[in-house]
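Consider the two complexes below, in which chain A is the common component and chain B and chain C are the respective partners.
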Partner chain A sequence: MRELSLNVMDVAQNSVRAEASLVTITVEESDKNDSLSISIEDNGCGMTEEQVSQVIDPFFTTRTTRKVGLGVPLFKLSAEQTGGSFEIRSKLGEGTVTTARYVKSHVDMTPLGDINSTVEILIRCNPQIDFVFTRTNDNGSFTLDTRELRAVLEGVSLDTPDVTEWIRQYLEEQTQILFGGA
Partner chain B sequence: MNVKEFAERLDLKILVEDDLEREITDCYIGDLLSWVMGRAPENSAWLTVMGNINSIAVATLADVSCIVLTENAALDADAKAKAEAHGVNILTTEENSYKTAVKLSKLLGE
Partner chain C sequence: MKSLAELQAIRDKAKANLNLRKENPNAARVLVGMATCGIAAGARPVLNAFTEEIAKRGLQEDITVTQTGCIGICQYEPVVEVEIPGEEKVTYVKMTPEKVARVVNDHLVNRNVVTEYTIGANTK
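Presenting the complex of A and B:
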């Protein structure tokens, strides 16, 4: 994919299909360590060891429309081609953690892209699911936790236009603060 | 023109041989697999430096006639096995994708 945020979208959608009620997306980058890691953790139905090896195999997919599924294999490739690593840990009935680690300065590093939009879209399209998004760099970190929003919103759905607009602005402001500027 | 004739005329080495009678009607160049997947025309010769297992999956999805690994780009052992299993022709050349495409263009215009 041209942007890693599209891979995040893809994997998070797998979490939605796995009937997760909570999806935690964490992006940690460090110039000091020349690293960027992305993890997507869910409490969905999980996978057996065999199923994990199948999702990594580009010639396998649970969808019947085509015989190859490339979302996860290409995510894995993107990490490995920077000298990074890729890992899926999953337990049936408990959930799945997908982690991709990158060497940031590698010439084949795919840009992260618009991760804030990805998070905002995921929340808007899945208002029944909770998302926790954390972004960390050498300066610090910020977190958006929809469980906290829900507590304040008292029954107002997360896909209400005013709420999604607030989420968008919050993510934009926090990103600006984190990456200098303010 | 079929794959066999293409290989002979441009002096390409055949790494994986499946249906060499398959026609080539177009050409596509690209190394970003997710990009190529939705764009490489059917029955094209796909010129790339990516010789991994995912490339084979993309080739079968896009239904290209053959993969040409340009600039002697390496073909992984497991990618070779998958290509044999799924019937993907793979050729290789020391020339780059541009030069190979220019020559192929002339052959396709004949």
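Presenting the complex of A and C:
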């Protein structure tokens, strides 16, 4: 994957398929600590311990259309190749948390890329699911919580074009404020 | 600054248009393959290009763009399926953002399949 944001889009879809109603995506980075961490947490169907060990294996997939499952292995590799770490915690019936930690300055660090586009597409294509996206750096943080938007929207769907445009602009604005109007 | 007040205005406008927006049963569907294979091959810019082109033409009521999983032809990703009610599904392969405008114009608007982009024209 050229950008970590694409890994996020890929792995978040596992949450969608696990029938989650809430997916929390958190990106925390710190120049001070030379770290970036990405976590994707869902309240979907979860996995057994055995399944958790299987998803890290590229030759395991629950799909029937092909024989390999590279989503999780690629995400894991992206973290480990920077000297970081990767972890999946899951409980059957409760949900799954996937966390990748990176050493930012490592030569093999993949750029985060357009994470806002990932979040926007996930919301637009899965308007029935709630997403909470939080981005943090040394300056502070911002959060987009679709549950708050839903409360305002009173039944108007999150994939209404004007709403997705509002979300896109909101994310862009907040990112700019957080990173100092670069 | 984007505010929730602005979102309220969007809500009120959307509610006023509700009759217009009621699920269009004849809406065409554009399905972009967005599993690992599709994403790695560049499906995201293709999906964004469809969304933009359709918005530019004001066709959001008539065409929905959504993501789908892997249909097993990973070597042809990015794969896009176009479903128009009453017509046979068409599978476009090795899509790029540049090819999108033609698919929207020729196929979705004028109902002429862009044969050279389809899987049939690209398998050997």
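Note that the second predicted complex is superposed on the first by the 181 of 182 C-alpha atoms of A that agree within 3 Å, B and C clash if a C-alpha of one lies under 4 Å from a C-alpha of the other, contacts with A are read in each partner's own complex, and residues count from 1 in each chain.
Here, contacts are C-beta pairs under 8 Å (C-beta built on N, C-alpha and C of every residue); 3 or more make two chains touch, one makes a residue touch a chain.
Bear in mind the structure is a predicted one, so any value in this text is a computation, not a measurement.
Enquirer: Here chain A is shared; do chain B and chain C fit on it together or clash?
Expert: fit
Enquirer: With both complexes superposed on chain A, which partner does A:Met9 reach: first (chain B), second (chain C), both or neither?
Expert: The second partner, chain C, only.
Enquirer: Between the C-alpha centres of chain B and chain C, what angle is found at the C-alpha centre of chain A, to the nearest 10 degrees?
Expert: The vertex angle at chain A equals 80 degrees.
Enquirer: After superposition on the shared chain, which partner residues are touched by A:Glu50: those of chain B (first), chain C (second), both, or neither?
Expert: The answer is neither, since A:Glu50 touches no partner chain.
Enquirer: Looking at the overlay, what does A:Met1 touch: chain B (first), chain C (second), both, or neither?
Expert: In the superposed model, A:Met1 contacts both chain B and chain C.
Enquirer: Which of the two, chain B or chain C, is in touch with more residues of chain A?
Expert: C
Enquirer: Now for A:Tyr170: first (chain B), second (chain C), both, or neither, which partner does it touch?
Expert: second
Enquirer: According to the stated criteria, A:Ile121 is in contact with first (chain B), second (chain C), both, or neither; which is it?
Expert: It touches chain C, and chain B stays clear.
Enquirer: Taking the superposition as given, does A:Leu70 touch the first partner, chain B, the second, chain C, both, or neither?
Expert: Touch partners of A:Leu70: chain B and chain C.
Enquirer: Just to be sure I read the superposition right, which of the two partners does A:Phe59 touch: chain B = first, chain C = second, or both, or neither?
Expert: It touches chain B, and chain C stays clear.
Enquirer: Note down the smallest distance between any C-alpha of chain B and any C-alpha of chain C in the overlay, whole angstrom.
Expert: 5
Enquirer: Taking the two structures together, which residues of chain A meet both chain B and chain C?
Expert: 1, 66, 70, 74
Enquirer: Using the touch definition up top, name the residues of chain B that touch chain A in the complex.
Expert: 32-35, 37, 52-54, 56-58, 60-61, 82, 86
Enquirer: Provide the residue numbers of chain A that touch chain C in the complex, in ascending order.
Expert: 1, 6, 9-10, 13, 17, 63, 65-66, 69-71, 74, 117-118, 121, 124-125, 148-149, 152-154, 156, 160-163, 166, 169-170, 173
Enquirer: Any idea which chain C residues touch chain A in the complex?
Expert: 1-2, 4, 6-8, 10-11, 13-15, 21, 34-37, 39-40, 44, 47-48, 51, 55, 60, 66-67, 69-72, 74
Enquirer: Which residues of chain A touch chain B in their complex?
Expert: Residues of chain A touching chain B: 1-2, 58-59, 66-68, 70, 73-74, 77.
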